[in-house]
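Two complexes follow with chain A in common, the first pairing it with chain B and the second with chain C.
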Partner chain A sequence: MINELLIIIFAPLVAGVIAWALDIKGLRELIGIVGAAVPLAYLAKLYPTVISETVDYSLTISGFTLQFQLNTMTWYFATVASLVGIAMAFGMASTSKSSYDWLFALMSFTGVVGVFLSQDFISFFLLWELMTFASFMMVLRRNRHESLKYFVLSVIGAYAMLIAIGILYAKTGALDFESIRQAMYIDASLGTMSTRETVLVFALFLTAFGVKAGAVPLHVWAPGAYSETDQSYTTFFSGALSKAGAYGFLLLYILMGYKLYATLGTFHGHLTFAYIIAWMGAITVVVASFLAVLQEDIRKLFAYSSVGQVGYILLAFGVGSTLGLAGGLFHVLSHAVFKGLFWLVTAAIILQTGKTQFKDMGGLARKMPFTFAMGLIAVLSLAGIPPLAGFASKWLIYEAAIQAHMPLVAGAIFLGSGLAFAYVVRFLYSVWFGQRPSDLEDVKEAPLPLLIAMAILAIPNLVFGVAPGLVTEYLNKILGGEVVGGDYYRLVTPTGTYNALLVTIALVIGIAIAGLVYLYGARVRKIPVTNTYQSGNPVTEEFNLSIRRNFYRPLAEALEFWLKYSWDRFYERLAGLTEDFADSLRQAFYNGNVQSYSWYLAIVLLILALWGVL
Partner chain B sequence: MIDWKLVLEVIGILIYATFMGFIFMGIERKAMARIQRRVGPPIYQPIIDTLKLLGKKESVTHGFIYDFGPVFAMGASIAALLFLPIANFQLFSSNADLIVVAYMLEVPMLGIMLGAMSSGNPYSAVGVQRGLLTMVAMQLPYGLALIALIQHWGTFKLGEIVALQQTQGWSITVPALLLAFIVFDIVFQALLGLEPFDIITAPAEISMGPMVEYGGKHAALLFTQHAIQLFAETAFFAILFLGGASNLLELLIKQIAVLFIAIFVASIYPRFTIDQAAKFFWKWPTILGIIAVLLTV
Partner chain C sequence: MISVYYFGAISLILIGLYAVLVKKNVLKMLIGLSIMETGVNLLLVSVGYISGRSAPILSEGIGPNQAVDPIPQALVLTAIVIGVATTAMALSVAMIIYERYGTLNVEEIRRLRG
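Our next item is the complex of A and B:
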C-alpha cells in the first residue's frame, strides 16, 4: 500500500507522464483531469484526520530522509493548490493541444503540492526546483526570452536558498524543519549564530521567496512568464505557484521567527524583520497595481495585477500579528480563486478570438454571456465588492494593518484597491462592452470543459464570500486560537465586525427596491450600440466609438516622472553588461596568441614560486 | 422571529433618507442660485424632476447590463445606508464596521460605471475613465484620513466612534483629527462629485460623462440613487467627525452644515482637469494625511 501523502504529491506527475507517453487525443485529457483530481479527493478524505492530528510520512533515499507532513497549515495550502490545479486541468482540456503541456503542467502541480507538504529542506528544495523547472518549460515553448528571464531569476532565488540552507545546516546540523526550528529557538538565547549571519540568512531567504512571490524589485519575470504560456496553465502558475513564495515567508516565521526577533529586535513597536516584509508587500502592491492600470495587453494587465495581489499577502504576513496571518492566509485562498478565474476567462477569450490586445476586442458580452458572468464575479471579487471572497480577505488585512498601527502600509492598501478598481474596469470596458469589431462577429461561447473549470473557481468566490466564517474557522485552527471570532457568516475581530450574510441581504433588498422602481417605469425599447449620442451627429458602423487604446493616458502623464525608471530595463541592461563582460573576458584571454599562453604559464609559475611551492 | 420594530425602522429611514436626499439636492440648487443672485428653483424641484422622468412614455436600453447598472448602483446605496447608524436608529450598524461602509459607499460608482460602459458611448467612456482616475487619486488621502480616525479612537465600529465622541468631544476637537477632517473634507468634494472635482460628470466638457446615454426611468433611478448617496455620505461625515447625533434633527443640522461647506467651495472654484486633480490629491491632502496618521500612531 503506497502512502497517501505520496499519492497526493506524485499522482499528477504520474498522470502527466502517462498522458505524455500515450499522447492520444481525448485520453490524455481524461488522464490529466483524473490525475489532477486525485490530490483534491485525498485531501478531502484526510480532512477529518488533519484537524485532530498530523499525518506523517518519511522516506529514505540516498542517505537523505525526506519527510512529508500533512498538518492544518500544509493541508490548507495543498488544498488551495489542488483546487486551482483541477480547474487548470479542465481548462487545459480545452486550450491545450499537446501532450508536452500536460507533462509539464502536471509536473509543476506535483512540485507545488510537494513544496507545501515537505517538512525538510531536502525534499523542499528538490520539489521547489521541480516546480521551477516545469513552469520554465511551459514558458520556454512559447517565448524563449521571457522564459530565460524567469529561469535566471528563479535560479538566483533557488541558489540563494541553497546557500541559506547550507548556513543553517552548518549551524544546526539539521535539515528537517522541526529540528531547525528548535535549534533556532534555543539559539535565540544562546546567540551562537551572529547577527551578521542571521541577517545574511534572512536576506537570502527573502531573495529566494521574493522571486517566486514576485515581490518588487524581483517581479520582472512575472509579466512575461504569466503571459507567454498557455493561459489555462497560468491559472495554476499565478494562482498556486506564486503561493509557494508566500508559503516560504510563512516558513521563515515558523523556522526563524523568534531568532530574528531576538537578533533584529523591534522598530517602533513592530518586529523589524516583519516590518521589512510588510514594506516589501506594500511597495509591491502600489507599483504593480499602477503598472497594471497602464497595460494594453489583457495578459500583461492580469500578470501585474497578480503580482500586486500577492503583495497583499506579503503585506499581511508582514503585519506580524496573528490577525495579519489570518488575513494573509485568507487572501491566499481568495487570490487563488479569483485570479485563477480571471486567467480562465482570459484563456477563453484568447481561445475564441485569438487576440490579446485590448485594441482588438470589444462587445464580447453578447457573444460569450457565461464567460462574461464568470468574469464579472472575478471582477467583483478582486475589486473587493462586499459579498465576495476578495472583500472578506481584504477586510481582514485592513483590520490587521490598522490595528497593528502601520498607517502608511495600510494607506498603500487603500491606494492599491483604488487601482484595482481602475484596472478591472479597464478589462470590463475594453473586452466586453462597446462596439464589436467586425472580425469578432462569429465568436462563440467557450467550450464546455473551460466553462466547468470557471464554475469550479467561481463557486468558492461566492460561497466563501457569503460565508467567510467557513475559512476563518479553519484558519483559527491553524493559528491555534480564536483569532477571528464570529460564526459562518460573521467575522469578528477585537475592534470590528463584518456580517457577510447581512450585507448580502441588504444588497439584495436594495436591488429589489431599485428593481421595483425600474419595473414601475415605462417599457424599454432596445437600440443598437451605434444608435447613440455623438454630439447630435449620426453614427455608423465605420466609426469606432470605443476607446481601446491608452485608456488611462492622463494617469501615465501624471506619473511621467516615475515611469522613466524601470526595473525591467535595469535588469536588461545588467544582463547586457554581463554578456559584454563575458565577451571581453573571452577575447582577452583566449586570444589565439601562443605567446600569451606561455606568459600565463610563466605567471602561474611565478606565483607558485613566490608561494614557496617550487 | 422577525424583528418588526427593526423592519419598520428600516422602511422609515429609507423613506426619510430618500426624501431628505432630494431636499438636499434642492438645497444645493437653491443655494447655488442665491450665490449667483438668482431666485432658483423651489426646494422640492428634484422630486418633481424625478417624477417627470419616471413618467416618460418610453425608455431606451442598450442591453441587460445597461439596465442593471443603475439598479445595482441604487441597491448598493441603499445597502450602504442600512449599515450607518442614523442618529438614534442603529439599523444594522453593529454588523459592519467603518471599512465595510467606506467600501459600500464606493460600490454604487461601480454600478454606474458598469451601466455607462455598456452603452458604448465615447462620452461615457471618457467619464468612466475620469471617474476611476479621480477615485484612484483621492483614495490615498481618503484612506489616510480614515486610518487617523481609527487609530485615534481605537475601534472600527461606527456606533462606538459615535459613543466615544459623545463622551470625549467631537473628532474635530482633537488636533490630529482636525487635519484628518480637512483632508476628508477635500476628498468629500470629490465623493459628492462637486466642483472643483466634478470631473466625472463635467457637464460643459463631456456632456454628463457616464450619464450621457441615460434618460427616462434610468435617469430617475440615478437621481434617486444620488439622493440616497448624498444622504448617506453627509451622515457618514457627521458620524465620523461631528460626533454623530442623538436625534434626526441634530443629524439634519450637521448634514446641512457639511453640505453648505461643500456648496460654498463648489460655487467659487472652477473644475480641475484630471491630471491636475491627481497631482493635487497626491500632494497637499496626502501630506496632511500622513502628518495626521503619524500624530495618532
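Our next item is the complex of A and C:
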C-alpha cells in the first residue's frame, strides 16, 4: 500500500510521464486529467482527518530523511493548488497540442504540491527545483529569451535559498522544519546566531521567495514567462506556482519569526522584518498595477496583474497580525481562483481568435457568451465586487492594514484596487465590447473542456463570495483561534462586519428592480453596432469606433518620468555587462598565445614559492 | 648556506623559464625548455646526493650504506628520455610551423593564424 501523501504528490508526475510516453491523442488528455484529479480526490478524502490531526509520512533516500506532512495549513495550500491544477488539466485538453506540454505541466503540479507538503528542507528544495525546472521547460518551448530570464532569476532565488539552508544547517544541525523552528526559538534568547547572520539568512530567504512570488524588483521574469507559454498552463503558473513564493514567506514566519523579532525588534510598533515584507508587497502592488494598466497585450496585462495580486498576499502577511495572515491566506485562494479563471478566459480567446493584442480584438461577447460570462465573474472578483471571493479577501486585508495602523500600506492597497478596476475595464472594453473586426466574424465559442475548466474555477468564486465564512472558518483552524468570527455568510473582525448574504440579497433585489424598470420601460429595438452616435455623422463598417490602442495614454503621459526607470532594462543591461565581461575575460586569458600560458605557470610557481610550498 | 648544486640547478630552471617566457623565436623557446629540463634533472640528482658516498652500484666494499640515494637517479633516467622525446616532437612541430607560416616568431604565427 503506497502512502496517500506520496500519491497526492506524485500522481500528476506519473500521469504526465505516461501521457508523454504513450502520446496518443485523446488518451493523453484523459490520463492527464485523471492524474490531475487524483490529488484533489485524496485531499478531499483526507479532509476529516486533517482537521483533527496531522498526516505524516517520511522516507529515507540516500541518507536523507524526506518528511511530508498534511496539516491544516499545508492541506489548504495543496488544495488550492490542486483545484487550479485540475482546471489547468481540463483547459490543456483543449489548448495543448503536444505531449511535451503534458509532461512538464504535470511535473510542475507535482513540484508545487510537493513544496507545500514538505516538512524538511531537502524535499522542499528538491521539489522547488522540480517545479522551477518544469515551468522553465514550458516557457522554453515558446520563447528562449524569456525562459532564460525566468530561469536565471529562479536559479538566483534557489541558490540564495540553498545558502540560507546551509547557514541554518550549520547553526542548528537540523534540516527538518520542526527542529529548526525549535532551535531558532531557543536561539532567540541564547543569541548564538549573530544579528548579521540572522539578517543575512532573512535577506537570502526574501530573495528566494521574492523571485517566485514576483515581488518588485524581482518580478521581471513574470510578464514574459506568463505570456510565452500555453495559456491554460499559465492558470497553474500564476494561480498556484506563484503561491509557492507566498507559502515561503509563511514558512519564514513559522521557522524564524520569533528569532527575527528578537533580533530586529520593532519599528514604530510593527515587527521590523514583517514591515519590510509589507512594503515589498505594497510596492509590488502599486508598480505592477500601474504597469498592467499600460499594457497593450492581453497576456502581459494579466501577467502584471498577477504580480500585483500576489503583492497583496505579501502585504497581508507583512501586516504581521493574525488578521493579516487570515486575509493573506484567503487571498491565496481567491487569487488562485479568479486569476486562474482569467488565464483560462485568455486561453479561450487566444485559442479561438489566434490574436493576443487588444488592437486586434473587440465585440467578442456575442460570439463567446459563456466565456464572456466567466470573464465577467473573474473581473468582478478581481476588482472586488461584493458577493464574490475577491471582495471578501481584500476586505480582510484592508481591515488588517487599518487595524495595524499602517496608513501608507493601506493606501497602496487602495491605489492598487483602483488600478485593478482600470485594467479590468480595459480588458472588458477592448475584448468583449464595441465593434468587431471583420476577421473575427467566424469565431466560435470555446471548446467544451475549456468551458468545464472555467466552470470549475468560477464556482468557487461565487460560493466563497457568498459564503466567505466557509473559508474563514477553516482559516481559524489554521491560525488556531477565532481570528475572523461570524458564520457562513458573515465575517466579523474586531473593527467591522461583512454580511455577504445580505449584500447578495440586496444586489439581487436591486438588479431585479432595475430589471423591472428596464423591462417595463420604453420599447426595445435592436440596432447594429455601427448605427451609433458619432457627433451626428454616419458611420460605416470600415470606420473603427473602438479605442483599441493606448487606452490609457494620459496616464502613460502623466507617468512619463517614472516609466523612464525600468527594472527590465536594468536587468537587461546588467546581463549585457556580464556577457561582455565574460567575453573579455575569455579573450584575455584564453588567448592562444603559448607564452601567456607559460606565464600563468610561472605566476602559480611564484605564488607557491612565496607561500612556502617550494 | 644553500648548496651550490641546488643554486645551479634552480638557476638553470629559471634561465630556461626566462627564455620560454620572453623569447619570441620558437627555437629559442625550445632551447629554454631544454635548459629548464637539464636544470630539473640536475636538481633531482642533487636531491639524492649524500656527502661522501659513492655510486649506488653494489660491488666490492660498497654496500647499501655506502651508496647515494638510487631513486632520483632512476627518476632522472626516465626524465631524460622523456625530455629528449618531447624535444624531438617539439622540434618537428617547429619544422611544420616553419613550413606552414614561413616564420618562427610566435607573435607572427598568432597573427597569421588569425
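What to note about this one:
The rule is simple: the second predicted complex is superposed on the first by the 614 of 614 C-alpha atoms of A that agree within 3 Å, B and C clash if a C-alpha of one lies under 4 Å from a C-alpha of the other, contacts with A are read in each partner's own complex, and residues count from 1 in each chain.
We take it that a residue touches a chain if its C-beta (ideal position, glycine included) is under 8 Å from a C-beta of that chain, and two chains touch if they have at least 3 such contacts.
From a predicted model like this one, the values you see are computed outputs, not experimental measurements.
Look at chain A after the overlay: chain B and chain C fit there side by side. Of the two partner chains placed around the shared chain by superposition, chain B is the only one that A:425 touches, whereas chain C remains out of contact. Once chain A of one complex is fitted onto chain A of the other, the partner contacts of A:522 are limited to chain B, with no touch recorded for chain C.
Of the two partner chains, neither chain B nor chain C is touched by A:266.
When the two structures are aligned on the shared chain, A:510 is found in touch with chain B, with no touch to chain C. One geometric descriptor of the composite model is the angle centred on chain A: between the Cα centres of chain B and chain C it reads 140 degrees, in steps of 10. Of the two partner chains, chain B is the only one touched by A:555; chain C is not. Comparing chain C and chain B on the residues of chain A they touch gives the larger count to B.
Using the contact criterion defined above for the overlaid structures, shared-chain residue A:598 touches chain C, although it does not reach chain B. The superposed arrangement places chain B and chain C with a least CA-CA distance of 60 Å. Listed in rising order, the residues of chain C touching chain A in the complex are 17, 20-22, 29, 106-107, 110, 113.
Interface residues of chain B facing chain A in the complex, by the touch rule stated above, are 14, 54-63, 65, 67, 70-79, 82-83, 92, 94-100, 103-104, 106-107, 110, 113-114, 117-123, 125-126, 128-130, 132-133, 135-136, 138-140, 142-144, 146-148, 150-151, 154-157, 207, 212-213, 216-217, 220-221, 224-225, 273-275, 278-279, 289-290, 293-294, 296-297.
Residue ranges of chain A in contact with chain B, taken from their complex: 268, 293, 363, 365-366, 383-386, 391, 395, 398-399, 402, 405, 407-408, 410-411, 413-415, 417-419, 421-422, 425, 428-429, 432-435, 490, 493, 495-499, 502-503, 506-515, 517-518, 520-529, 531-535, 545-547, 551-552, 554-555, 557-558. Residue ranges on chain A touching chain C, taken from their complex, read 592-595, 598-599, 602.
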